[in-house]
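First chain A sits with chain B, and in the next complex the same chain sits with chain C.
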Partner chain A sequence: MSEWHRRDPLNRNPASARASALYRAIGLGSAKSGAHHWWLQRMTAVALVPLLLWLVVSLLAHARGGHQAVALWLGRPAVAVTMAVLLVALFWHMKLGLRVIVEDYVHADRVKFAALAAVDLVCVALMAIGVFTSLYLAFR
Partner chain B sequence: MATTRLRPRSPDIQIYRPQLTSVLSILHRITGVLLSVGSVLLVAWLVAVADGGDAYAMADRWLHSWVGMLLLLGWIFALFYHLCNGIRHLAWDLDFGFELGSIYRSGWTVVAVSVILTLLTWTLGLAGGE
Partner chain C sequence: MLIKSSKQVSRWRNPKRFPVSRNSGASPASRIEAGVTWPEPEGATRVQHLQVYRYDPDSGRNPRIDTYAIDRDKCGPMLLDALIKIKNEIDPTLTFRRSCREGVCGSCAMNIDGSNWLACIRSLDEINEPATVYPLNNMDVVKDLVGDQTHALAQYTSIKPWLRSKTPAPTRERLQSPEERKRLDGDYECILCFCCTSGCPSHWWNGDRFLGPAVLLQAHRWLVDSRDEATGERLDELEDPFKLYRCHTILNCTRTCPKGLNPGKKIAEVKLMIQQRRS
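And now, the complex of A and B:
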């Protein structure tokens, strides 16, 4: 205590305030995981560059053939697995991106909570539906 | 202590003159939201493929209506813009091209490349589509 007062003679930063500031910060900031979502956003972005180019080129090649051509294309195991990987990366990226947008623009506590919950639930639901459908098309 | 006085807030977008940097920045978010809506369609389309010929024909008819075509064009541009500008962001994260000159150069490059890729995809998609 005396050690502290030598550095801060006016006691502008008393121990009680420090303790409560730490208490308030725990669980909200970087507790060794602050950059986790930032890093995952970048990694999913890197993965999505080749995956989405693949999707655009493949759709251009197969979508004009109607249901039969599309079902045949999606029926190949390699295609189904690639599509599943794409959907996981896509919806994880979307979940993180929409979360940041909500956090930036929505400030009312309850609305913010509802919006964040909706983002997480909808993204995971779409991911699950998409992945299971892709795998079903190839491995039924 | 008069701590209740309203402090000035920044950036105040009403008095901000739009610049390439700020417009491209907000466009990244807007296209991100548009693509989120489009991804629902991708899943719905997959489900239609799994459901069979009738559901697929319905989805195909809707996509070939003028509303569907307009949305598709918007989504294709949103996809290429978000992809190109995303690569720009990744370069910045690696500390490349973060000087004002290169920020403007890469910005215009992103606009040009995404427009070209959109037109290319649209042309290829329409050719032999019907």
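And now, the complex of A and C:
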């Protein structure tokens, strides 16, 4: 089947329609990255297990005292630091995970670029807002 | 665990059909149509019905499902025997690949009752009534049950699946200890039937860049070979968000492998090797 070539469903490279199958399989080659992303995603996931348990239990314990009690609790240095670590881990994990979802399912190049940029910006913004809010409550 | 009977498979199974994404290139008019229902065999007591996917790109018509009836008492025990019987006695236009008829060549991989397996080692006792026989998914159909493996094989070529060594070749064979040889177990048995790659959702969505379980299993086979001296280069070539890390351990590959291999685990080992050299 020399005349026959695999249809490029994504039309990523229409100019290469007559290129060899090997050329298409190699594509742009290896990015020589990805391990860092993979490792951080697992690290943040593992870190979030105890952190989120701690958050749920602590919030339940202080919920009865209302806003005042929670703010007082957040004012403790150890709690403020743990809370900041939790928020960084949470939103960093969210950023890494959403990136994978976009890469999996979004194939139109421009839409993908916009989606990846939006994921990164929104997650970092949420992280900054979260950390600022908890520190504001702690030091007020 | 090697699944020997469909009774070992959970009653709760994955849905057989998946939505087709818009950018898969299928035209809206492309629909599988009802095909010919071939006559029942005369005087048969045990009849097996097969609903077989038929497609001839030269005809310009849509694919269709033909229904064949097989007299089990006049047919061999395996699905491949039934397909050969159909081709010999009922419909000579039915097209499929087959060679060894004993599960070592990987030619007759097809989608049987919704999961990928080799027709030559799938017993007729273990298929549904009626059973569905489709070509491997995510491959362009050349004709009937023959899928086009050009891309999958090109991906295999792209990992350079041969011994790369800088040490001058010895005058005799390159020796391995039994332990070194043992590390190839679970890798060397792969027959490249592409049941796993064709069943991998990550390869459906990103098959142009993700190498797929079959090729990554072969990559692992060369990474752990004690005679190969290109481990670093191989890991460099694999470390890519798409080539390797598109594997999300869905494990359809492990579930479907007709040789009972575990590509998912081997891919995880490749990821660990990359992590190992970073820390």
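We adopt the following convention: the second predicted complex is superposed on the first by the 106 of 140 C-alpha atoms of A that agree within 3 Å, B and C clash if a C-alpha of one lies under 4 Å from a C-alpha of the other, contacts with A are read in each partner's own complex, and residues count from 1 in each chain.
Note that a contact is a pair of C-beta atoms (placed from the backbone, for glycine too) under 8 Å apart; a residue touches a chain by one contact, two chains touch by 3 or more.
The structure displayed is predicted, hence computed values, not measured ones.
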item: First, second, both or neither for A:91, with chain B first and chain C second; value: first
item: Which superposed partner A:110 touches (first chain B, second chain C, both, neither); value: neither
item: First (chain B), second (chain C), both or neither touched by A:37; value: second
item: Doubly contacted residues of chain A, that is, touched by chain B and again by chain C; value: none
item: Complex interface listing, chain B residues touching chain A; value: 29, 32-33, 35-36, 39-40, 42-43, 46-47, 49-50, 52-53, 56-57, 60, 76, 79, 83, 86-87, 89-90, 93, 121, 124-125, 128-129
item: Parts of chain C lying in touch with chain A, wherever the complex brings them together; value: 23-25, 140, 142, 148, 150-151, 153-155, 157-158, 202, 205-206, 208-209, 236-246, 248, 271, 274-275, 278
item: Touching residues on chain A, where the partner in the complex is chain C; value: 1, 4-12, 20-22, 24-27, 29-39, 100, 103-105, 107-108
item: Interfacial residue positions of chain A with respect to chain B in the complex; value: 42, 45-46, 48-49, 52-53, 56, 60, 63-64, 66-67, 70-71, 74, 83, 87, 90-91, 94, 97-98, 101, 126, 129-130, 133-134, 136-137
